[in-house]
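Two complexes come next, and they have one chain in common, chain A, joined by chain B in the first and chain C in the second.
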Partner chain A sequence: MKRLDRRIIMDRFFKYLVIVISLIALMPLFYIITSILVHGGSTVLKAGISFLYEPPPSPLSTNVGGIGPSLLGTILLMTITIIIGLPLAFFTAVLAVEYPNSIIAKFVGILTRSFIEIPTILIGVLVYTIMVLPMGRFSAIAGAIALALVSLPYMYTHIENALASIPWIYREAAYGLGLTKPKALFHIFMGIARRGIVAGILIGLAKASGETAPLLFTIGGSRHSYFQGLDKPIDAIPLLIYEFAQTPYNIYHEVAWGAALILLLIYLGVFATLRLLVKKVEL
Partner chain B sequence: MKYIVDIKCLSVYIKGKKILECIDLKIPRNSIFTIMGPSGSGKSTLLRVINRLIDLIPYAKVEGKVYVFGMNIYNVDPYILRKQIGMVFQTPNPFPHLSIYDNVALGAKLNGVARNKDELDKIVEWALRKAMLWDEVKDRLREPPSKLSGGQRQRLCLARALAIKPKLLLLDEPTANIDPVNTRKIEETLTSLKNEMTIVMVTHSPHQAARISDYIAFLYMGKLIEWGPSSQILIRPRSKLTEKFLRGEI
Partner chain C sequence: MIRNKVLGAAIIVFVVVATVLIIYGLGLVQGGSVESLNKMVHLRGSGATFLQPQLEAWVQEFMKEYGNIVIEYQGVGSGAGQEQFFKGLTDFCGSDPPLSHEKWLEYKGKVLQLPVILGAVVIVYNVPEIPKSVHLNLSGEVLALIYKGEIEYWDDPRIKELNPGLADKLPHEEIIVVHRSDASGTTQIFTTFLHKAAPEIWPIELVGKTIDWPVDKVGRGVGGKGNPGVTANVINTKYSIGYVELAYALKNNLTIAAIRNREGVFVLPSTETIQSAAKHALKTKLIPISPDGDFCKELDAIVYAPGKNSYPLTAFSHIFVWKTYEDKAKAEALKRFIEWIYTKGSKYIIEGYVAVPEEIKSIGLKAVELIEG
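Let's look at the complex of A and B:
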């Protein structure tokens, strides 16, 4: 009986310990979100809906203005990043899973994964050297390529894991029906692994959309004019936050907080929508 | 062509280990041919050579000649070969992301068996009726297969295999994981199908082999011990090993 009591006490102790440690781990996240909601919320309420489409104010203005060009820039950069990065990550992952013994697959897999280890600022420098210098100016496309390189290993790793974790019985069933590799991939494997594939895309996108370092060398921070072309400078919200936070002007600090709130809402909106749309597959 | 499958001195090695040793076997058309033997005797491997699913297994090496429908299977595109051969596996494996209807329809649609929606609907109904599942699922064809019981899922897999209108149906211990009622339904389906196709089934149960087979092959430790009409193998086996297996001693 005594032994049983001790086991119950130990079980409870362990359970509460896990809960307390989890709460401690989550505290910084709560703090960040609360700060953004409080400071950013007050800026957005003050500026109203025009915060989403107006350009930023001048440093001594009393009007908060908005983050229109930067918001549009972030949306465009994310879209182009996905257009460039997703096919690369997806087909590299397919190569690794479907042809695991191929030397090319192994080489490409190792190379892609190694991108995770490279500081993202170096990716910015790389794109600066191979694109910005030859073109003679910063551009949206240079930023998107840098972000695609940043997101590539994250998307690749998650998509590869999602495809590789499909139970063998479904592979046999698909090929047993006479399906070719592309048909089996698009009709069966992608469907079974859809949740993991979407998670990979989201993680890659989240990583890319929050990055500042690669953009410092690539996009030029053009935040007073709207999109002018893929080969022209553009702005993005993280770069605006980074640069405005370092200025001595209170109005810029307010805009930076508001921009942080908008970035957070974009994350949550995209994540929640995709999570709801892509249903879990019950095996 | 009297024999739909003709195997000549087939040996299979996986990672250098011999799994099958010089198997010679002929499978007569429109019959139920059962390959029986204890676990690890190479039954499933033999089945996977016939439709070349063995190609999926890394480091598998196949020697000898296998003719299916009169063609050497290694002179044919494996996808074309598999389109004519249905297969049901030991573990029920309907595609979890597709509805009951789409599970049956997919192969028929992608392999060009059905040319339009009407034809597809007819094939799906025919296959589900053949698998004795139609009455149980006709009002919930859009539901996922996870809503079905294990036995119903296996019959769904049978319907999926039938919907590609195969000339040859391979079954790898299809009733190993399901209850007696579902086992009976699958056996009845197989018996009703043998006029339309040739059926090759793997089982470790001599009782099941006795119930439905026209021919039986006995495999032991990768070797074909004997094969012939089921009455002969079950009543007057030539080999002591077969006798021992039938008595449950090996």
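Let's look at the complex of A and C:
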């Protein structure tokens, strides 16, 4: 009887310990989200819906204005980044999983993963040198390419893991039916691995919406005009937050908080939509 | 099969939403009229972060008057701004320091430098014993000794000597010395001042954008990244001292020290004292009278400038433009903007910046005649 008590107590103790430690680990995240909600919320409430489409204010003005050009730029950058990055990540992952013994697959796999190690500012400088300088101007497309390079290894890793974790019996069943590799891939494997693929897309979108460094020397910024073309400069929310938070002016701090809230909402929105649309796989 | 379609649908939904937003944004900017977009002139500049809020204030007022001109400015730092300007990525550049002599020779006759605004570096401190109504007096020598680590305590006789009224209030506490940890024009101005005011204590080797601070070696030096970093360190550390741009001190209600100028007068930063430094700097003849001249001695002239009422830690910030632009419309738009800055711009000065005095305005306005398109 006594022994059992001890075991139950230990079990309870361990359970609560895990909960407490997890809470401590999550505290900074809660803190960040709460302060964004509080500060950003008050800005957005003050500015109203026009916060989404107005240009940012002058430091002299009392009107908060908005983040229209930056918001539009971030959405555009997210879209192009996924359009460029996802096929690259997906087919590299397929190559690595389906042809694991080919030299090119190994080489590409190592190369892609090693991109994680490169500081993102260097990727920005790389794109600046090979694209912005020859073109003679900053552009949305240069920013999207920099973001795609930054998010590529993350997307690749997720998709590769998802494809690699498909049980062998399903693979054998697919090939046993006489399906060709592409058919098996698109009709069977992608369905099974869809959650992992979605996780890959999500992390790609997160990188595309949140990274500042790759954009510093690529997109140029454009706060007074919305969209002039893919080959023209554009703005992005992280860039706006980065610049505005450094100034000593309250009105800029308010806009930066509001922008952080919008960024959080965009990401949560995309996250929730994709997760809801793609149901869990039951094997 | 169905699962694939769901995934496909998710992607399509995302792309559609994005596209709709893009079109919606396009509609907002053009307001349906395509021909007005064709006549629009876009000017692009980048450079000094110091200039960014003030330029933004000017640009927004200017654009109210000139609806067909759009000016974008990105605060990337003076160095990056110069590089982007000379590589042809931008139409103009914002820079705190003027061009070095070598750079100026390289682009002689092609580039124009316009001092557009004045700024000041202020000495801030956090000593609770000193009443808010009183400003601590400091001199170049004492500051140099503090940043060398040789003055250790707030109640040092050399500080007391400058502040007889505060002598009994200064605490026997160690001075925590805050400086910039990143390369900075603010550090350049501050160390130039220390060297000019106390050359024996602060040698020329310790002047520059990044300094190997002597006070760090005695363990009382603290680095802060950017003006916000130094400001936060001074606010959060009792008995600290630091140097920041004026706007950060004003906006964060930091206590500002009065600094002894060349004539031996303790002055606080204000529009009058900062402009006085600029006026007296002009009299030294180190500053050219035309924007196509060589401004490389300018900092030397304005820091620790003569004049009883001159604030010694004053500096210009500049806009660089080309003398010739291929695009006539761009040249014309820039001329209008420069003219506007020097005529109406002084009405829209934000806190922490000071308009250039009339004498400087007449130099800048010459650019309007010099620019060709």
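Simple rule for what comes next: the second predicted complex is superposed on the first by the 283 of 283 C-alpha atoms of A that agree within 3 Å, B and C clash if a C-alpha of one lies under 4 Å from a C-alpha of the other, contacts with A are read in each partner's own complex, and residues count from 1 in each chain.
By our rule, a contact is a pair of C-beta atoms (placed from the backbone, for glycine too) under 8 Å apart; a residue touches a chain by one contact, two chains touch by 3 or more.
Computed from a predicted model, the values in this text were never measured in an experiment.
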Partner chain(s) touched by A:233 [first = chain B, second = chain C, both, neither]: second
Chain B versus chain C as contact partner of A:101, first or second or both or neither: first
Chain B versus chain C as contact partner of A:191, first or second or both or neither: both
First, second, both or neither for A:72, with chain B first and chain C second: second
Chain A residues touched - chain C or chain B, whichever exceeds: C
First, second, both or neither for A:183, with chain B first and chain C second: first
First, second, both or neither for A:137, with chain B first and chain C second: second
Chain B versus chain C as contact partner of A:173, first or second or both or neither: first
On chain A, positions contacted by chain B and by chain C: 187, 191, 194, 281
Residues on chain C engaged by chain A in the complex (per definition of touch): 1, 3-4, 6-7, 9-11, 13-15, 18-19, 21-22, 24-26, 28-29, 40, 42, 44, 46, 49, 52-54, 56-57, 59-61, 63, 70-72, 74-76, 80, 87-89, 226-228, 231, 245, 247-248, 250-252, 348, 350-352
Touching residues on chain A, where the partner in the complex is chain B: 100-101, 167, 169-180, 183, 187-188, 191-192, 194, 281-283
Contact footprint of chain A on chain B as seen in their complex: 51, 53, 56, 58, 79-87, 89, 91, 93-98, 106-107, 110-111, 144, 146, 157, 160-161, 164
Residues of chain A touching chain C in the complex: 53, 57-61, 68-69, 72, 75-76, 78-79, 82, 132-133, 136-138, 186-187, 190-191, 194, 197-198, 201, 216-217, 220-228, 233, 243, 245-250, 252, 270, 273-274, 277-279, 281
